[in-house]
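What follows is a pair of complexes built around subunit A, which joins subunit B in one and subunit C in the other.
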Partner chain A sequence: MSVTTFVLRRLFMSIFVLLGVTTLTFIISRVVVPNPARAWIGPKPNPDLLKALMKKYHFDEPLYMQYFYYVIGLFTGDWGVDPYSSIPILTEIRMYFPVTIELTILSSLISILLGIPLGILSATHRGKTWDNAVRLSYLISTSVPIFIVALVLLLLLGYWLKIFPVSGQLSLNVARPPTITGLIMVDALLTGNLNAFIDNLYHMILPSFTLALSSFGIITRLVRSSMIEVLEMEYTKTAKVKGLNKNKIFYKHCLRNALIPTVTIFALLTAYFLGGSLFIENIFSLPGMGRYTTQALLMFNIPAVMGTTFLFALIIIVMNFIADVLYALLDPRIALE
Partner chain B sequence: MQNTRSIISINELEVVYNTIYGQVRALNRVSLSVAQGEVYGLVGESGCGKSTLGLSISSLLPTPPARINSGKIFFKDFPITDLSDDELMKIRGTGIFMIFQSPLNSLNPVFRVGDQIAEAIQVRIQRENKHFNLQEVYNYGPIENQGFKSAWNESLKKSRKGLRNWKNSEVISEVLSTLESVRISDPERVANSYPHELSGGMRQRVMIAMALSLRPEFLIADEPTSALDVTTQAQILNNMKSLVEKYSTSILFITHDLAVAANISNRVGVMYAGSIVEEASVYNLFKEPLHPYTVGLLKSFPQGNKRTNKLFSIKGEVPNLASLPPGCPFAPRCSQAKPKCYNDRPQLIEVERNRKVACFLYE
Partner chain C sequence: MSSKNKGKIKISTFYLRIVRSILKDPLALLGLLIVVCFFSISILVALLGDYILPYDPIKMDFSSILVPPSLNHLFGTDRYGRDIFSRILAAAPTDAFVSVEVIILSAIIGIVLGTLSGFAGRAIDEIVMRLTDIFFSFPSIILAIAIAAVLGPGVRNAAIAITATWWPTYVRLARAETLRIKSLEFVEAAKVSNLSSYQIVLKHIIPNILPTIITYATLDLGGVILTYAGLSYFGLGAQPPLPEWGSEVFAGQDYLVVAPWWPIFPGLVIAIVSIGFALLGDGVRDAFSKQFVSK
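Right after this comes the complex of A and B.
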């Protein structure tokens, strides 16, 4: 099987998983609220309005037709309307999502930059002080809940030492660059507004760092164990006995093999970041998907909850797909599978 | 052989593995030396410490669990056992090379076989030919970076058409001819394959090709032909012999196949429970084995037309290396054991010229 067929097959499978997700969100929304139209209007519905809504959202039709309309809507860009603000869900998501994208990308970068070198350091100094220190750090990282980390860092670096701003995306005196992509940093760069770029980055560092701090352990642990495994493999001995120099043995023969399994956890990590954004965005007052979702949950905003659930699932499926493809490209053995 | 320069000499080497069941004494004060251009065959039952000896010489013992308790190994004048990794690096490859026992995992799964052999050739060229333009070799894309697939195919075409890059194409054609010499009939395909696409026997031959292309001064071959059919095995043995003839390579040839040992070796060492119990020229050993263990071993070896259906096997069990008795390790199975054999350990002593045995019968 070539890499192309492999990719196509994975793509095909992803679509099925996606359909599964739509079924799940649909069922949940119907179980939690048998008649969302009624829930949206309030306890004493105006019968005419209710009827109109029922018609508009196809609640007067059988369930399978409702599901059909729901799926069609999802793929044609009609994700429903926020009953509180009367703004289409997709428009709202477009407003909130960029912050979460920034947060996730920054956190991934930090946790990769932290996690991979630490994992390697730990593996090459196995059993020594460095290794023990790294292992202790990732144990703490994965066992302390994220909101505790957030609060401690906020208190320490934000309120007491005042090194980082404690909330928001931009300082009050910095104007928000015109929206092009929605990502402030990108927009700032596109419009040549370096000041806004730096200010936004400065605001995002503490939340991203918090998120990264509680997740780099996942990477470190995996890199460490696979590096240890690779260092003891027979082919590493072959590389040594061939007379190759240290760097070639390590960076050419070992590292690539050791990093292959790490690729697979990026989907897992994304899921972790999206979950973490629920806490982080609330604690640091960032208007992102995490905050949007918590508010939607608290307000029983069913269309919004369905929308974010679907979006999160979609992201994770896409990340899984990317991880699979990367894996196939990096490891020649996969394509045969 | 005694007068010629020895390339490897091992002095009272003791290696233990620390396991949860206690210390396994895999090598019990082993001494041996191999002369330049000599093929030393090491035979013995499974688990007697042959691979441990090979790995000790290449300094690739897994530590932990292994530990060198005492003894020294010299490669020419270099005390291998005292060298750092950086110093060892300069000795490994063209000085000492080892073909490992398991061919399945010896090759890196993410690189093409051809590139892995080419890498070995580069090491050799880099060291042997000072006039060779190093930079040019190292600029050779496929070997140095990851985008080697297309580049490799590209250079392969060039080499076949005899176009530019003659130095690179020289490396490539050497890869192909070396593969051909180990009886791989479609070297282009094999060179372009990943290890998992090849059979165990093919991978074993790739490792041998690597050894041939390095032309090491000392080669440790740990059961290098175990996965090969008889014809191919014969060819491989010839390859190794020509390595000895052309480049006066010395070989430590580890095998449990006495026929193979007899075919390739000048001298044979018989190992039992972590000790060398007898050492003699092939001719002497097979004509007149001295040590009772060797006698037993040879009885189980069907000779010439005296084929017996029943293979002789020495009664009793291979001793547990974690708790060796103080005396001769073979004593519990030896029909000629004397009371002394249970208390004292016989030393490997020279009983005739070029003939050593560790047994109280010959003291």
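Right after this comes the complex of A and C.
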């Protein structure tokens, strides 16, 4: 299979899975939910308005037509309307999403910085104390609920030692830079407001670190196993026999090849971060998707909950696709198989 | 073991090997101890309930609000004066029950769809696999939360919601095991002796994939407990005033500074139980690394 065929095949699969995802979210939000019209339109519209809205949202039509309109809506930017605020879901998501993007990017960086060196350390000291310590640490970090990690760190580093701020995105005395992208750090840089950049970064470190702490094990585990595999490859042994410099073998032959599989992990990692944002944004009072979703949850705001659910799945499908294509480009054997 | 049945292990040997590898590994042993304690306490509390709890977990006592941990109140009290230790104990059976329920349902779905996928030809295999892909596209916690939210809060609905996100792993596991067993010679022999596919699956495949699935499922209980804690944190588990590990943390987190024991102790209990399962699982996985499909 050539790389192009591989990419096309993966693209086809992704589209299929995406349609499957829309079917699932449709079933959950229009079939499983008791009284779907009430869930989508809101708890107390007057009868005339209800009738008009039922017609507008196609609730008076058979299910397969509803599904048709639902999918068309999803792909044309109509994700429904928040029944409480009467604001379109996508507009609300645009307001809340930037914080979660910041959180996800920072968490990725921290978990790479933590995960890769620990994975290498573990692989090069296989079976020894360091290896066992690393394995135990990621075992524990993935088993402790993220909200507990968050609360303990918040209490210790935020309230008791006062090293980090305990909530929000900016200090009270720092003005928010004008919105260009919505990402405060990017906006601050674009407007040359270094003060706001640093302050926002300072506020985001503890939440991002918490997320990274409960997910770096995903990277560590992968780097460890792929490093062990590479270290045992014939070409590594050949290089050693040839008498090449040990460091050179390590960085040029081993590390590069061992890190290639890590591109596949980012979709999984993003899934962790997005799931974790539900808890983290709540505990650190960050106005992102996680907080948006949990507030919607408490109000039985079904369009908002389903909007996030679909968005998260969409992100992961796209990331999976990109990861597979990157992987095939970096290691053409994958496409050949 | 003869070479023609390579890969097929006698069930007794299978469990014997697991026990032996756990006994050799102190961390796995610690995990086993935690898991056994968790289930024993759950069963004891479920059976004897009020007789063994130090305090009534629901009755409010406004004379002892937010009391710090002491010998009287091991984990302190909440803002209604309820003993947190008693509430944690009282909630244990729910967690045990939900986790077992979710795992059994998922394993059944997994075995049915997984053997079907591995045995019924490419078209069905492709459909079932793409179906699991769809479910793997969601962060499982958000899918579970969405389903639980739509169904309405409660223990039963939370269990249904988690099962809905949990089964695909079991389909993959059962399918991989089916494919492995299917290629062994005794299955070929069964085919030659004119057994139908249905009979082969029932008599040869399922009994041989069960040990792996049961082992994986047992260790997977910790994952369900963790997810259920997440759902109950958002109030989607048992409803107040009934105690629930996750919702206890949520209720207590507003008192993090004034009364850290309120959110922290229930959280630590969830962590300890979950770590117990993970340690035990790691020990067992060491012995059988090849037979496990990683999640």
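Quick note on the criterion: the second predicted complex is superposed on the first by the 326 of 337 C-alpha atoms of A that agree within 3 Å, B and C clash if a C-alpha of one lies under 4 Å from a C-alpha of the other, contacts with A are read in each partner's own complex, and residues count from 1 in each chain.
Throughout what follows, a contact is a pair of C-beta atoms (placed from the backbone, for glycine too) under 8 Å apart; a residue touches a chain by one contact, two chains touch by 3 or more.
The model shown is predicted, which means the values in this text are computed figures rather than measured ones.
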TODO: Label the relationship between subunit B and subunit C on subunit A in the superposed model as either fit or clash.
DONE: fit
Task: Partner chain in contact with A:Ala271 - subunit B first, subunit C second, else both or neither - done: second
Open item on the list: Quick check on the superposed pair: does A:Met306 touch subunit B, subunit C, both, or neither? Answer first, second, both or neither.
Closed with: second
Task: Contacts of A:Asp48 with subunit B and subunit C, given as first, second, both or neither - done: neither
Open item on the list: Between subunit B and subunit C, whom does A:Ile316 touch in the aligned arrangement: first, second, both, or neither?
Closed with: second
Task: Which superposed partner A:Ile28 touches (first subunit B, second subunit C, both, neither) - done: second
TODO: Mind computing the angle subunit B to subunit A to subunit C from the CA centres, in steps of 10 degrees?
DONE: 80
TODO: Determine, for the superposed model, which of the two partners subunit B and subunit C contacts more residues of subunit A.
DONE: C
TODO: Scan A:Leu244 for contacts with subunit B and subunit C and give back first, second, both or neither.
DONE: first
TODO: Scan A:Glu232 for contacts with subunit B and subunit C and give back first, second, both or neither.
DONE: first
TODO: Minimum C-alpha distance between subunit B and subunit C after superposition, to be given in whole Å.
DONE: 13
Task: Residues of subunit A contacting subunit B in one complex and subunit C in the other - done: none
Open item on the list: Quick check on the complex: what are the subunit C residues that touch subunit A?
Closed with: 27, 130-131, 133-135, 137-143, 145-147, 149-152, 222, 226, 229-230, 233-236, 246, 249-250, 253, 256-257, 260, 263-264, 267-268, 270-271, 274-275, 277-279, 282
Task: subunit C-facing residues of subunit A, complex - done: 13, 16-17, 20-21, 23-25, 28-29, 32-34, 39, 135-136, 139-140, 142-145, 147-148, 151-152, 154-155, 159, 271-272, 274-275, 278-279, 283, 293-294, 297-298, 300, 302, 305-306, 308-309, 312-313, 316-317, 320
Task: In the complex with subunit B, residue positions of subunit A that touch it - done: 232-235, 237-246, 253, 256-257, 260, 330-333, 336
Task: subunit A partner contacts - residues on subunit B that touch it in the complex - done: 58, 60, 62, 85-86, 89-98, 100, 102, 104-111, 119-120, 123, 127, 146, 194, 196-197, 207, 210, 214
